[in-house]
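Report on the following structure.
Labels A, B, C, D, E and F are assigned to the chains in the order they are written; within every chain, residues are numbered from 1.
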Amino acid sequence: MIRTKSQIALAAVAGAAAVALADPALAQEAAGEAVAEPAALPVSAETAYIFNTLSFMIHGFLVMFMAAGFAMLEGGLVRTKNTTMQMTKNIGIYSFAGLMYWLIGYNLMYNGVGDMGGFFGMPGPWGAADPIVDGAYQGDAAGYAGASDWFFQMVFVATTASIVSGVVAERIKLWPFLIFVIVLTGVIYPIQGAWQWGGGWLADAGFSDFAGSTLVHSVGGWAALAGAILLGARTGKYGPDGKVHPIPGANLPLATLGTFILWLGWFGFNGGSQLAMGSAIDVTAIATIYMNTNLAAAAGVTVAMVLTQAIYGKVDLTMALNGALGGLVSITAEPLAPSPIMAILIGGIGGVLVVLAVPTLDKLKIDDVVGAIPVHLVCGIWGTLAVPLTNSGANFGSQILGIVSIGAFVFVASFIVWFVLKMTMGIRISDEEEAIGLDKAELGLEAYPEFGRGSQAL
Amino acid sequence: MKLVMAIIKPFKLDEVREALGALEIQGLTVSEVKGFGRQKGQTEIYRGAEYQVNFLPKVKIEIVVATDMVERVVEAITSAARTDKIGDGKIFVMDVEKAVRIRTGETDADAL
Amino acid sequence: MIRTKSQIALAAVAGAAAVALADPALAQEAAGEAVAEPAALPVSAETAYIFNTLSFMIHGFLVMFMAAGFAMLEGGLVRTKNTTMQMTKNIGIYSFAGLMYWLIGYNLMYNGVGDMGGFFGMPGPWGAADPIVDGAYQGDAAGYAGASDWFFQMVFVATTASIVSGVVAERIKLWPFLIFVIVLTGVIYPIQGAWQWGGGWLADAGFSDFAGSTLVHSVGGWAALAGAILLGARTGKYGPDGKVHPIPGANLPLATLGTFILWLGWFGFNGGSQLAMGSAIDVTAIATIYMNTNLAAAAGVTVAMVLTQAIYGKVDLTMALNGALGGLVSITAEPLAPSPIMAILIGGIGGVLVVLAVPTLDKLKIDDVVGAIPVHLVCGIWGTLAVPLTNSGANFGSQILGIVSIGAFVFVASFIVWFVLKMTMGIRISDEEEAIGLDKAELGLEAYPEFGRGSQAL
Amino acid sequence: MIRTKSQIALAAVAGAAAVALADPALAQEAAGEAVAEPAALPVSAETAYIFNTLSFMIHGFLVMFMAAGFAMLEGGLVRTKNTTMQMTKNIGIYSFAGLMYWLIGYNLMYNGVGDMGGFFGMPGPWGAADPIVDGAYQGDAAGYAGASDWFFQMVFVATTASIVSGVVAERIKLWPFLIFVIVLTGVIYPIQGAWQWGGGWLADAGFSDFAGSTLVHSVGGWAALAGAILLGARTGKYGPDGKVHPIPGANLPLATLGTFILWLGWFGFNGGSQLAMGSAIDVTAIATIYMNTNLAAAAGVTVAMVLTQAIYGKVDLTMALNGALGGLVSITAEPLAPSPIMAILIGGIGGVLVVLAVPTLDKLKIDDVVGAIPVHLVCGIWGTLAVPLTNSGANFGSQILGIVSIGAFVFVASFIVWFVLKMTMGIRISDEEEAIGLDKAELGLEAYPEFGRGSQAL
Amino acid sequence: MKLVMAIIKPFKLDEVREALGALEIQGLTVSEVKGFGRQKGQTEIYRGAEYQVNFLPKVKIEIVVATDMVERVVEAITSAARTDKIGDGKIFVMDVEKAVRIRTGETDADAL
Amino acid sequence: MKLVMAIIKPFKLDEVREALGALEIQGLTVSEVKGFGRQKGQTEIYRGAEYQVNFLPKVKIEIVVATDMVERVVEAITSAARTDKIGDGKIFVMDVEKAVRIRTGETDADAL
């Protein structure tokens, strides 16, 4: 089969052209109306409804799979003795987040935000208002199934919580962590989400964040930063002399797998954020987003590899993995408007930021086990700031306003929650438990419990 | 005091430990090792090419005991670890001059 | 971009609304016809055909990936010395099942079941009857490509067989196992499938099983149970005193990955079982199914975590993983009708059942390596029984009839096959082989053959 | 829910049938026009555009995920001491390939190949020519978003490069390898691609390669073969006496996971190569391709398992995994035309070829770490040769012409590039570095850096 | 010369190595082992069934030193490895008849 | 009888085993260990922070042989394991008082 464009046109969609050619009047009319309502004309409302819903579902399941990506990435970058715990947290996060977002989160974020002054919606369990009455489709103003929208928004909130678990790994107690996740996904995330995606005051102020460089990634980063400060570093990470003692991750293939899964999921994350697929314009936008997302990630990896080679004389795989994610987070605030070369630049700068931010954080003695703060917070800010470079509808003032207001809110709110947890239940395990590892100390179950291959379990 | 060092088949470890428990042995140390001996590994085929597996998984047990216990310890290990098949392993006895319990500083017999 | 519903309506699908608003007569007419033939009006037959086929393909590849999920889950829960075998079985299962279902299974399940008294169809190789004649689409009564339907049904049968491999792991011989898989996927599964999904006697009796809590999951569970009884427990699992000696799985990150992959695949499993996507009603149904499926799984995890914490004082990751799957199996019989809260309840009870059934099975000295009987059989029964709670078209009598008749048939048929295999080839490896591990004993290939990291292979 | 075809027809797409039945004239007319322009009539041009673009996106992300599949497969089949390197190469490959294909590759392959005598296109950065002008859809001759096409073609080129990395693993230096990847993906692959898929001279000569048995898989195989010859075998692989010393892969569950991911990705690889989904004919073709792809892979596994049992007395998992891929590569040149039984035969012969080619290669002392040459080169040739068996539009002469011309070009061009690299930077690490492993020697980072589970990192 | 063999808690290894470094010990060899002793593992529950963890992770250090160094080495290990909690481990001292440095062929004291 | 304990570079194991095979040594036991010695690990950089790799992978071979074999065994190991680069390792010889073959109960020379 020949894959040239012209050939395709002659073969696959010949009919479409043929129809237009056969009936000039029809084509004329179509073109005429196309000016008025260009995108919708040739796609029936119900067909558009199916496409829009399908986009939420496909892109939603891709984002859902990011939960596995985070689990593997984090599971690969912690030490063996904390791996079961990291798995437990990650399956817990995805589950708890999903329940909380149903119970109050979705409505707190989207339900009548305008009526509440643009600060938050009316909380309460989510319920569908789907355009199906008595088994018949009655047309619908929204253009997609409510449940698909809920599903797509829900997987985003889970992502935010996953970011936190990587930063505070290897020293935090299980249940206080999960309680924080409950508050984050049920309350903190939805409130700031309401400001922008819920159509609240920040949206009115002209802030622009297409798929969540700030609303999802920075939020996770700020929440994690607050936790990391209150928790302190892992024992032994920073010497008394200020020297950094690296603690290499235990399983790099797992971390690599996790990164590839996240990369895959990001097509859903950014692509689905077009929020519609029922027109040529929308689907073309999604295709462009796929391309830009991939170019930014590729640039992030490339830059991280070249830069670690240049600075340290060796390519650092973990930095390359972080570079991919840094590129992805950077393009997330605006994956549609950039030209390919701009997408490469935006992602590449994300790669630079990651390589520089990781040691900087260590200098500040903020112990981030998986590099999530450089990736999600630093690149999240960068990506949001970069929006006006390519999107003429955005401006730097509003972008800074959004970054600062959301950052301040999330950091302070998270700090308070972490602080209350610290004062009440305590958030950090004892030194001895840390030495033994969370798996044995808190869960009584090792990730790789056998004593070597050859022997039986001891 | 003597060090009794036994190389046994991995799946016999539990039985050996129980047999030693019956002698009121309070401590021992185990390592995973590979053994080369009369027992030959199977000839394996990987992707069409034959190869000889020379090293077989074994477990090494090290127990320091008072000299008068040595006989009984060797006995206990021998009978618990035996399958009567080639590769059952060996026991070696060596002299230990000194023992210290780190926690208390106790030495020799008291340290075991 | 603002993500509120109203905004979307105004932006993305403005055209659709605009058309309706611009021409009230058209809208009127549409609404009028919508009552008569609501779903179909605005989606052309060929467009619906594409959507329906696409649904089978997307959801089919998600279910296909569950083969990897089962392989990883089982590979993580067996001991290292049996891991290569578990991988071999799983790739074998998916392959053999796919060939058998083409050779006789599909037609035995779907081909003229009514003519055979509703008990089974006419076996024989599957062949497409697609509505493409001489390269032209001729309209089609079925509304989807036959090959896509075959693909979707085929991946289900592979799932059933995967369930069995987890239960009987670590002690069964390779080839007798694979022969059982051939009979299960080629004969046993299709026959009982014909009763219900093939439109046979059970369907006539009013039984309801949307995506296969009974037809797929319980079937795998019953077949496995018969095998586990005839095989006996792994050496050392149960002490002479009746004491249970746990044998922890060797690689929990792998097991976690497997669970996440299965969770992902389940959107295909349940969503695709709507069997159509070419109308607003169908796609809305699928969206609802995604949401309910996710809520049930999340509830299963949550309950399993809370319950193991409460009962045993520690969260048990393997129970949380089983809890996810228990929730998923429970909602599979009816993922569409439940409200969100009912989906949570149904899945949550699945989590309870898993936590209780695992030790119960041990008390019965039935050795189920991965917990597949609690997950797939027990929760499969529960999910099927729960259908009438939310689906008014179902009734408890028919549900019990279906559970019992399929259970009896599959258990007895499987028992006979296992028994014949035991009497002829033998199904269990020798004690010595079991001690050495199946990898070395039967395959001559270890899963992790190196002697430690630092050394070369020995 | 009953899943029989007739039931579906009555339920899900009842409307469609009803419309046709209700208005015989309309149906008549539809049928009448169907003869003239059968596929397109009932799908509007914009709807077809959305479907076509969606196909590229869905199938593209499946192929993208194959990058993870290759990484895991190769990571599982090398020794632990070279695993970090294999991860680094694989994330590098996917990234570099994506940038190069944007920078020059796509246009070199597709841009005005006819004007350049059919030998290559006009290189230069890719830029979309999408039918969206001033935010309005203006109709489009191509029938899909250009970015989606770019994305889909890009993931193919990454696949080609991944094939190479497996063959030359465990002894090649990082940067020379990556430079080769840059030349391969930016220049060599696109040029030969232009001959056929770009509509160049080979397409004119009647060569047929649906999804790339030759254009992608053999190309990777030839490029790798040239490298393997110049590199030489790993130290210790071949004894002085000519004896082969197997070097078992370090992590078979990882290799199995990789194979399942590749299998999943192949639905995208072959299915997406239909290049359109906007008609019943196209979607039916894709469904058929899914089925044939799966049957061929299943046959490859089955044959490899039975054959290794018969020849060696034991099933070899790594051969079964290779068998799956061999079946997949074999069907890739023509996944649409074969009947199911022919797909099984084509894939099954692929399995035979793999089992026979692996030891043959060893006899030639060509050291292929993961078996990529048997899988991708040998089966790629076989699959291409087999096209005329089922596709009456192809002939053996043209097939041989394509295989030989592309093979000669790629092998010679690759050999030259490898040779220049060898003479300048050197391509092989020192013996001591090889003994230590690439991870420590070149990257200073072990894949599993801990000294055992129980201890802290040393 | 003597072989000092110490079984210690894994997380104490770094401190022990530093303490030995202070004595200008030039070499030592470490293995990962499992220990059975007075320190009992927790009772764990896996999927609803209790089990006793008998073997705990330990690190074994082997150092061959000149006889006159033995006291100081034992001392250094004892104080660096001690946590005063049960399971701190043991030190055993054994006689070594001969030592060879492979690289040079030097023997005994020169080989250490 | 003597215990010959050799710490060597991992990739030399095969050659050493072959050299010992030439002496008709029937058995030996291998463990994976980490060595600390004059040979320093490279300074590595992980995520921008330097660290010193102190412990290097080594293989420990333990062979119990009749006393009259010791010289030849030490010789064989020395020449097979030598790369003339730092870190080649050590050989230590210790006395063994008793040896038992578990399978048969044979002792001492017969047990080897």
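Here is the rule we use: a contact is a pair of C-beta atoms (placed from the backbone, for glycine too) under 8 Å apart; a residue touches a chain by one contact, two chains touch by 3 or more.
The structure presented is a predicted model; accordingly, all values stated were derived computationally and were not measured.
K.L.:
Can you tell me the least number of steps between chain C and chain E, where a step is a move to a chain it touches?
P.N.:
1
K.L.:
If you apply the touch rule, which chains end up adjacent to both chain A and chain B?
P.N.:
Where chain A and chain B share a partner, that partner set is C, D, E, F.
K.L.:
Copies chain B, chain E: same or different interface, half of numbers shared as the threshold?
P.N.:
Counting shared over all numbers used gives less than one half: different.
K.L.:
Which pair wins on C-beta contacts, C-D or B-F?
P.N.:
Higher contact count goes to C-D.
K.L.:
How many angstrom lie between the CA centroids of chain D and chain E, rounded to a whole number?
P.N.:
Each chain reduced to its C-alpha mean, chain D and chain E end up 53 Å apart.
K.L.:
Using mean CA coordinates as chain centres, what's the gap between chain B and chain C in Å?
P.N.:
Distance between chain centres: 47 Å.
K.L.:
Measuring centre to centre with CA averages, how many angstrom lie between chain A and chain D?
P.N.:
Computed value for the inter-centroid distance: 29 Å.
K.L.:
Using the touch definition from the top, which residues of chain C touch two or more other chains?
P.N.:
38-39, 41, 43-44, 47, 54, 58, 248, 251, 257, 278-279, 314, 316, 318, 435, 444-446, 448, 451, 453-454, 456, 458 - these are the residues of chain C that touch more than one other chain.
K.L.:
For chain E, what residues touch not just one other chain but two or more?
P.N.:
11, 30-32, 34, 45-46, 54-55, 58, 94-95
K.L.:
Given the complex with chain A, which residues does chain F contribute to the contact?
P.N.:
My answer: residues 45-51.
K.L.:
Would you tell me which residues of chain E are touching chain F in their complex?
P.N.:
For chain E paired with chain F, touching residues are 1, 3, 17, 26-31, 64, 94-103, 105, 111-112.
K.L.:
So in the complex, the part of chain D that touches chain C is made up of which residues?
P.N.:
My answer: residues 1-9, 11-20, 27, 30-31, 34-35, 38-39, 41-44, 47, 51, 54, 58, 62, 79-81, 247-253, 256-257, 259-261, 263-264, 267, 271, 277-281, 283-284, 286-288, 290-291, 294-295, 297-299, 301-302, 305, 309, 314-318, 320-321, 324, 339-341, 344, 435, 446, 448, 451.
K.L.:
Which residues, counting only chain D, touch chain A once they are in their complex?
P.N.:
Residue list for chain D touching chain A: 36-41, 43-50, 52-54, 56-58, 60-61, 64-65, 67-68, 71-72, 75-76, 83-84, 87-88, 90-92, 94-96, 98-99, 102, 110, 113, 125-128, 130-132, 135-151, 153-154, 174-175, 196-199, 203, 208-210, 251, 254, 257, 273, 275-276, 278-279, 282, 442-450, 453, 456-457.
K.L.:
Help me check something: in the complex, which residues belonging to chain D touch chain B?
P.N.:
Answer in residue numbers: 244-246, 248, 311-314, 316, 318-319, 355, 358-359, 362, 371.
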